[in-house]
Amino acid sequence: MTRKTTEIRSDIAWSTPEKIGVHGYDLTEDLMGRVNFGDMAYLSVTGDLPDANTSRMFNAILLTLVEHGMVPSTIAARMTYIGAPESMQAAVAAGLLGLGTVFVGSTEGAAKMLKAALPDPKADADLDALAQQIVREHRERKAIVPGLGHPVHKPVDPRSVRLFAVAKETGIAGPYVDLMQRVSREAEAATGKSLPVNATGAIGALVCEMGLPWEAARGLGVMARAVGLVGHILEEARRPMSMELWHRVEDEASSEVRGKLRGK
Amino acid sequence: MTRKTTEIRSDIAWSTPEKIGVHGYDLTEDLMGRVNFGDMAYLSVTGDLPDANTSRMFNAILLTLVEHGMVPSTIAARMTYIGAPESMQAAVAAGLLGLGTVFVGSTEGAAKMLKAALPDPKADADLDALAQQIVREHRERKAIVPGLGHPVHKPVDPRSVRLFAVAKETGIAGPYVDLMQRVSREAEAATGKSLPVNATGAIGALVCEMGLPWEAARGLGVMARAVGLVGHILEEARRPMSMELWHRVEDEASSEVRGKLRGK
Amino acid sequence: MTRKTTEIRSDIAWSTPEKIGVHGYDLTEDLMGRVNFGDMAYLSVTGDLPDANTSRMFNAILLTLVEHGMVPSTIAARMTYIGAPESMQAAVAAGLLGLGTVFVGSTEGAAKMLKAALPDPKADADLDALAQQIVREHRERKAIVPGLGHPVHKPVDPRSVRLFAVAKETGIAGPYVDLMQRVSREAEAATGKSLPVNATGAIGALVCEMGLPWEAARGLGVMARAVGLVGHILEEARRPMSMELWHRVEDEASSEVRGKLRGK
Amino acid sequence: MTRKTTEIRSDIAWSTPEKIGVHGYDLTEDLMGRVNFGDMAYLSVTGDLPDANTSRMFNAILLTLVEHGMVPSTIAARMTYIGAPESMQAAVAAGLLGLGTVFVGSTEGAAKMLKAALPDPKADADLDALAQQIVREHRERKAIVPGLGHPVHKPVDPRSVRLFAVAKETGIAGPYVDLMQRVSREAEAATGKSLPVNATGAIGALVCEMGLPWEAARGLGVMARAVGLVGHILEEARRPMSMELWHRVEDEASSEVRGKLRGK
């Protein structure tokens, strides 16, 4: 019945009346006014500030998923805002909740897949053989390979092209980028379909190159979309669309069943 | 019964197979690899990229609220994560939901108050008279003045000091910063308490100086905390505290009522 | 620096290996298999089980807000589900987040207004005078009277009619129901518009009649909608509409701005 | 480029000025004042009202998960409430977000497992062989069998005992209840540990017996907890614990790292 108590400890931040420490930096002196928001995000994820190349790459990754226009998460956020305009934070939260296995969260799948196939990036590996194995295994269990294909962006996803270009310029591209591209070619050969590396696949590969844990991959998309969702809510406040959309849906969705009451 | 249909329109972003446009910029060519995450956030909020001074100020504002250690929102996020570790986005969302009128969302109150007192920043206004009026009105309706005081950071909030210093260096400080500071002095004189401008008050004033709508104020805090919350969840995954905290709360909270069943 | 520790205590429930106590009842022996879900909700809100009349009234109130078809909250929930189908709880949560001041949460406004006007239901009050005062005060500050009017249900809201009928049959109707109806008549006379007591106004009045705190009013709507939202998500899983809706919105919303890149 | 439009349709509810139809029932005439909240939940999930036995069973299931005291989801909800007391719905939503694979959502795992093992409840199946196979397969892939074991409730979970008793009394118990119990015995024999059918395992089995889709299993827990969470927030409003809990966590968690600034 007597439970052994364990420690409750967080090493992220502390504060005194005069100072706030964040991962060993003085928030006001070392960070505010000196460091950009993307580098602060890198600090939150890794515990360290990035060097110049890493900063450029990491900021580019974050920018990738900020905005893709009217997508399910932005619709959910706007629909929430019109019911609770006093709680903008709730509308953003509603938009984030859909970033699961189907959208954005799929970065995680690609990162996990690549890291599992190649645990040590310095190992001397046959990347073609790994790519073939990945595609074969997914086909055998009728699973889709994460990080490939896009309904709109074909035959290539311009975001992946740009991310891989920045990765090359910054010296961050390595075996995971290479492997992800081989997986794409292998999958295209096996299926005859256009299956380019999409933005979430590219981000998954770059998360591995940068040595981040795969759990971080989804987190980067969440940070990015939080920024974009605020923009959508401010637009909804200025130029509303959600009331109109609601009425259209209601009019169309329930028209056929009107009047059918049981036993009448 | 026939409803007049209105337009559904968003001017934020569009995409074609080859390109994604965001506020008139080519996402991959103009933004990714060139612009930092804070500037992208400014673009999301205002529709334009910032100049160098505005960028420095805006990034500093965003950094202010990323991290304040173990606060209610980080506890809520961690508690959510241990029940649904497969849905990191939900844990972040849970953490954001508490950014209401009491914490972080209070930026909004300060921005509204200052903008209402001084609708035109170029008007020739008696700031002392405005500050007195603000404090008097809040005292009359027994309301607290938003943006003043902090349980830990006294006699000054180091984040406000730093924000106002950056505002001066970048030429962004103006009548709203001035007014907010006079409101603080006036409130301290009227109450005899230590009521420095806190971080949310400083951000409220700077949102006004930058010409952002007051609705944006809360949004900046939401963006910032989304970043910090991802960091907390990654730490919870590496070094868990929430199971321990849960058991401690459960043991203490319900101990006194054990065994009291009605009629037994 | 040394903080005085206060107690952490909850009197709602406790558990031992063999038993779970909830508000003094043995969950498995006294409640499960004996008590309906609405009565359990009443126990959660008040700490006691209801008598037969109160049970009938309370269950009727809960039923009122379970379902109103395709409304903003159901659209938000479905849009969330298609991105994270592995997290049904997150889709329900997204749907609940819009139950703020505009929809459903407005029960709270009516309850607060009535309770403030008539703190003691046994007092000998001039209800007509109170109704006139309520309407006059709202008109003076250009505020809408909570609990009146509905875009679809006119000249009466059938849910209020039914709720008030059950209130009469169960002996629960009293001065708050009376006052709410007078407020409606007064507002209609003052504005010349159709402003019947709507469902949220009726629930607000009944929350007062039952002696519940006004904070409970919004909570009843939240419970009710959680039930309805699960139904919508199960329908979305069987007969999807959200992908189609997303594509329609995307096609229409961004069509006009395609191709306008700055400086090109 | 031209997309084929498909139908947007929901058969759950419709409304006219005078009437609201829900699954073919007149909400105000057929349901309000006649049907309890649990039966309305059954209608939301299945599209039909339950008979007396089904009603008793379904209400008992819903009651099971309403309340288990101070658990992670109730802590998350309370922590959210103190930051945004104006948005009770957001606090409830925060509490629901943790109902994932670890807690409550595990009902789903049990339902899926049983339905996969025995797709047709009328089939003449060797339940012992199925139970052995389930346990063996889970052990081979080092997965835990869903629906078994509880940290507090041992050697039996009193909620399962009660649910199975009601299932027997109502004639709802069948092969899935039987199979779930055999799986428990088999797992206990294989591991030597106490692995009774827990509440989520019992609910998973009963969801199968009642012919509900496995997706509904998690939904029942979500409905139930929404009710319990409202109760916790009302208690937090009356007797706060979250501010105290926050300060304790903050004091303990960050004490060791105070003062360690890099390069100082």
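A, B, C and D are the chain letters, set down in written order, and residue numbers restart from 1 in every chain.
As a convention for this text, contacts are C-beta pairs under 8 Å (C-beta built on N, C-alpha and C of every residue); 3 or more make two chains touch, one makes a residue touch a chain.
Small disclaimer: the values here were computed from a predicted structure and weren't measured.
Asks: Tally the contacting C-beta pairs at the A-C interface and at the B-C interface, and name the larger one.
Replies: Answer to which pair has more contacts is A-C.
Asks: Could you label the chain A-chain B interface same or different, taking same to mean over half of its residue numbers are used by both chains?
Replies: Both copies, chain A as well as chain B, present the same residues to each other, with over half of the numbers appearing on both sides.
Asks: Quick check for you: after a Cα superposition of chain A on chain D, what is the rotation angle, between 0 and 180°, in steps of 5?
Replies: The C-alpha superposition of chain A onto chain D needs 180 degrees.
Asks: Taking each chain's centre as the mean position of its Cα atoms, how many Å separate chain B from chain C?
Replies: The answer is 29 Å.
Asks: Could you work out how far the Cα centre of chain A sits from that of chain B, in whole Å?
Replies: The separation of the two C-alpha centroids amounts to 22 Å.
Asks: From the mean C-alpha coordinate of chain A to that of chain C, what's the distance rounded to whole Å?
Replies: 35
Asks: Could you say which residues in chain D touch two or more other chains, in rising order?
Replies: Where chain D meets two or more other chains at a single residue, that happens at 8-11, 13-16, 19, 69-70, 84, 86-87, 89-90, 93-94, 97-100, 104-105, 241, 245, 249, 253-254.
Asks: Quick one: in the complex, what on chain D touches chain C?
Replies: Checking each residue of chain D against chain C gives 3, 5-20, 22, 27-29, 31-33, 35-41, 44-45, 55-56, 59-60, 62-64, 66-70, 87-90, 92-94, 96-100, 104-105, 152-154, 158-159, 161-163, 165-166, 169, 213, 215-216, 218-224, 226-228, 230-235, 237, 239, 241, 244-245, 247-248, 251.
Asks: Taking the complex as given, what residues does chain B use to touch chain C?
Replies: Touching chain C from chain B are residues 8-11, 13-16, 19, 21, 24-26, 30, 84, 86-87, 89-90, 93, 97, 249, 252-254, 256-262.
Asks: Under the touch definition given earlier, write down the residues of chain B that touch chain D in their complex.
Replies: 69-73, 75-77, 79-87, 90-91, 93-94, 97-105, 241-242, 245-246, 249-250, 253-254
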